[in-house]
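Each of the next two complexes has chain A plus one other chain: chain B in the first, chain C in the second.
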Partner chain A sequence: MNNVWAVSNVVIKELYRRKDFYVLFILTGLLTGLLWSLNFFNDDRIVRYLKELCLLMIWISALVIAVVTAARQIPAEREQRTIFPLLAKPITRGEFIVGKFFGCWLATGMALVVFYLFFWIVTATRESNVPIGSYLQAIWLHWWMLGVVVALTLLGSVIFVAPSSTITIILLAVGGILIVGRHLHHAALQLPEPSQTILSVIYFLIPHLEFFDTRDLVVHDWGTISWVVCGLATLYAVAYTTLFLLAAWMIFRRKALN
Partner chain B sequence: MPSPRLLLTFLLVLCFTLAVRLQLWYQNWAGNRASSASILNVIIGDSRRMFANHFFTKADAYFHSGFYPTIFDQAGAPKKLHMTETSGEPDEDEHDHAPAADKSGKKPVFTDLPGFMGAPSDWIEKFGRNFLPSEHVHLESGGGQREILPWLRISADLDPQRVETYTVAAYWLRTQMGKVDEAEQFLREGLRANPQSYEILFELGRVWEENRHETARAINLYELALKQWKNSQSGKKEPDDFLLAQITGHLATLEEQGGHLAKAIEYLELLKTVSPTPAAIQEQIVELRAKMK
Partner chain C sequence: MPHKVLVNAAGCGCALPLGIARLGADWLRAKPLAKSVLICHIRAMKDAILKIENLRVEYRSRELGQATKVAVNGLNLEVFPGEVFGFLGPNGAGKTSTMNVLLGFVPPTQGAAYLFGVDVRQPIARQRIGYLPELTYYYKFLTAEELLRFYARIFKIPRAEVAGRIDAVLKLVDLTDARKRLIRTYSKGMQQRVGLAQALINRPDLLILDEPTSGLDPIGRMQVRQIIQRLKSEGRTVFFSSHELGEVERVCDRVAILHQGELKAEGKVADIEQKYQCGLEPAFLQIIGYQEAAV
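== the complex of A and B ==
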């Protein structure tokens, strides 16, 4: 466990040394500030458009931070040859992967806390009643969704050659799942065979990241969802994260490092 | 082989001549975006109308607190937007016009929504519905509807020729938010972009009749609306009879209240031609004729 923590600690430090988070946070802040300053029919209590667009920017920023951070980890260690002294110490490849995962996941979690604090401040300026429970569920589910994405990106980084290709492919895949994931089965039923079966198999295989997207509920004040449902979604995320990390470890343990 | 200098000079002259020629043509070209004062027009051109439509629909999605079909659920999408039905337009879907909020303050649930979601086809879909708005509600009256306004404003900026945006926004502004000045200002903005619009003139008339209680001005606006309706709709295969009925109905009522019974009868005669209940209108006419005697 110490080995895992040591590896993840380095990743967390790397996040706050790099400029990615700061740039995305400032960009989100500027755009939200611009939207906040807009005047619609002299009504300063209009808030839902602001919540929706601010959350959208938070989702994009968090996704970019998670994917870019995770995609660079293993290729950078190999490129700089720091992986050799690291693995020469009593640390297994499995611990290395898990350490990298926890580092990226915790780092994105920290970034997420800052983003949601900002979101809370922005909405509090327009709304007297801020639904804390709903926000906590949103951040919790969002964080677990990023856990699945980080694990998937680490798997991608041991398969694809360059971090740029990993980043592009994972961002496209995650974006695709978030936008059309839940409609795939309906789309499949309209298709002839064998496309129908292929699309249906894809539908049941992919991690349904839309489970973790409660933006509509937050924006339109629908209140909290059942905590049991929230727990089940967490278990779903744990299952996919473990699966992807296991796959990453299986590929990485047989991979030549130079 | 001519000298490179001569060739270069020739090419420069050719470029200059073409530039002078093309510049003149470009200035007069209808597709020249640079002539537009709007930055959005310069950037996205005519595709802004598509975005305007998207944002108008988005306002309706907000009206339903996010419970709305996506492009993948088009079969269940409402033919007519509910926010426009409530704002006084005809109800083609026979939609349940329940009050926007009950007295307990609880969001009323509308049970008649076209079931765009249907029954879930698998466990993933069933579980996924926990994370989406899954009840048909309308925004509460008394200010809740203000949330649709930003999207209507953006829609109007993107497509100033879309008349419905102005009338719908003005309806909510004046009836639910008490923002009569803002409603009038927005309608006048719409009228500047669509000077022939009888819909906007009619809505302006309602502002003066129902909110400012200035009958004379309202009558003037309704008459202008009627004139524009005749200019644009007469001779059409399917004229906008609903709005003609609205205009003439309001005019008849106001003229009757003002004691101008002959004029009121004149408008009722016109209303009778498009009303779904001509017998009832005829009764009204008979009553007014009796009063005149």
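== the complex of A and C ==
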């Protein structure tokens, strides 16, 4: 694990020394702050819409940070040739991949904490009751969802050469899963064979990232979900993350670095 | 330094590895008359630190109809402890491909390579080596100190030792004053020296340098050469590729000349020069079949 932490430490340093995160955070903060400062028709219910909007922006920003950070890790190492002195040391390619994953995931987690802290402060200024439990569950599940996304992106980055291709494909795939993932099975039932089977197989193969989306619970103060369900969702994320990292390692370990 | 005692005692100009030298030093002091006998015995018994057996490296083209490119063909090579070994050849000769196999970047198509008797496919084979790639850029968002700390961690150097080692290597490459600066602010020469520092952080027994003076100004070249000579005097093994034949002539004990993936010549610089009755550069040109230019 020593090598894994060493690599992840460098990834984290890279994130906080680059400007991407700060730009996204300031942009999210500015837009949220601006919306929050407005008072629409003195309607208290508008707070819910603002919370929803704010959370949506946090989701988009966190997703962009996770995908962009993970997608450029391995291609940048190869392009800038930093991978050569690194892999010339006693470190396995598996440790390299896992180190990159943990680095991206932890860095994204830190960004997520900052985003949710900001959201919590802004909400606290408008609402007296801030459901801490729902917030903690939201951030926990969001973080694990991003773990799956980071692992998937790392897998994409060892398959596709250009980081831009990886970013586009992964963002489209994740966006697609989040928006239509839950409806695929119902849609499949309406289709003739073999489309029905194909779509059903896709439904059961893809990681259902929408499971981790508890924004509605936070926005409408619907309380927390069962911690057992939360734990099962975590295991589900662990399984998909492991699967994607394993696939990334299997491809990467055979790659000639020349 | 014990190994220096041994080197001087040998009187043959060949350096011995640190481990053997340290083990033998005390005994040698007690029985001075046996020095040369023992040294010859140790020299004969020494195993190759780097061994390449019948190595073949092929690159398959992804495009249909494109032939497979043979980068290295049937290469056999041995480098012994304490040697400075020059790996020469024109561009495309297969030097970097061979180094890539040694470092585990590329799997051999056929044959095998060993470092310290361990197959290069095992990451542990790289525990005792230092590697300086040609024109490599390091993590520009890190300082030299952070970079060295990162690599020291990968080598599992004890925490108590890390600071001392970083100080020593930065002093050696003359970067002590710039240690807290981000690498992105370094000149090309400074980046190459950071490269050397990272290659030395684990006090390697074998250094693999891929064109270490490439792109450096005369002062930078001189500094790199001085470092190689210093490492040689410390009894470390250096395996390096270079196009600077004058430099090779000055620092190498033995050389291998590669052309079109095949080993064309191997031996001491003086022996090659004697065989071809000329300096290393004209001899090199003759060996690779560029005789007109050699005249």
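Going forward, the second predicted complex is superposed on the first by the 254 of 258 C-alpha atoms of A that agree within 3 Å, B and C clash if a C-alpha of one lies under 4 Å from a C-alpha of the other, contacts with A are read in each partner's own complex, and residues count from 1 in each chain.
Here, contacts are C-beta pairs under 8 Å (C-beta built on N, C-alpha and C of every residue); 3 or more make two chains touch, one makes a residue touch a chain.
Being a predicted model, the structure only gives us computed values, none of them experimental.
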Chain C versus chain B on the shared chain A, clash or fit after superposition: fit
Contacts of A:214 with chain B and chain C, given as first, second, both or neither: first
Which partner, chain B or chain C, touches more chain A residues: B
Which superposed partner A:190 touches (first chain B, second chain C, both, neither): neither
First (chain B), second (chain C), both or neither touched by A:128: neither
Which superposed partner A:257 touches (first chain B, second chain C, both, neither): second
Arrangement angle, chain B at one end, chain C at the other, chain A at the vertex (C-alpha, nearest 10°): 160
Nearest-approach distance, in Å, of chain C Cα atoms to those of chain B in the combined model: 40
Contact residues of chain A, present in both the chain B and the chain C interface: none
In the complex with chain A, residue positions of chain C that touch it: 59, 96-97, 100, 103-107, 123-124, 126-127, 129, 131-133, 135-142, 146, 150-151, 153-156, 195, 198-199, 202, 208
Residues of chain A defined as touching chain C within the complex: 2-3, 5-6, 9-10, 13-14, 17-18, 80-82, 84-92, 256-258
Contact set on chain A toward chain B in their complex: 38, 40-43, 45-49, 141, 180, 182-183, 185-187, 189, 203-204, 208, 210-214, 216-217, 219-222, 225-226, 229, 232-233
Chain A-facing residues of chain B, complex: 62, 65-66, 70, 72, 121-122, 124-125, 127-128, 130-133, 143, 146-147, 149-151, 153, 169, 173, 177, 179, 182, 186
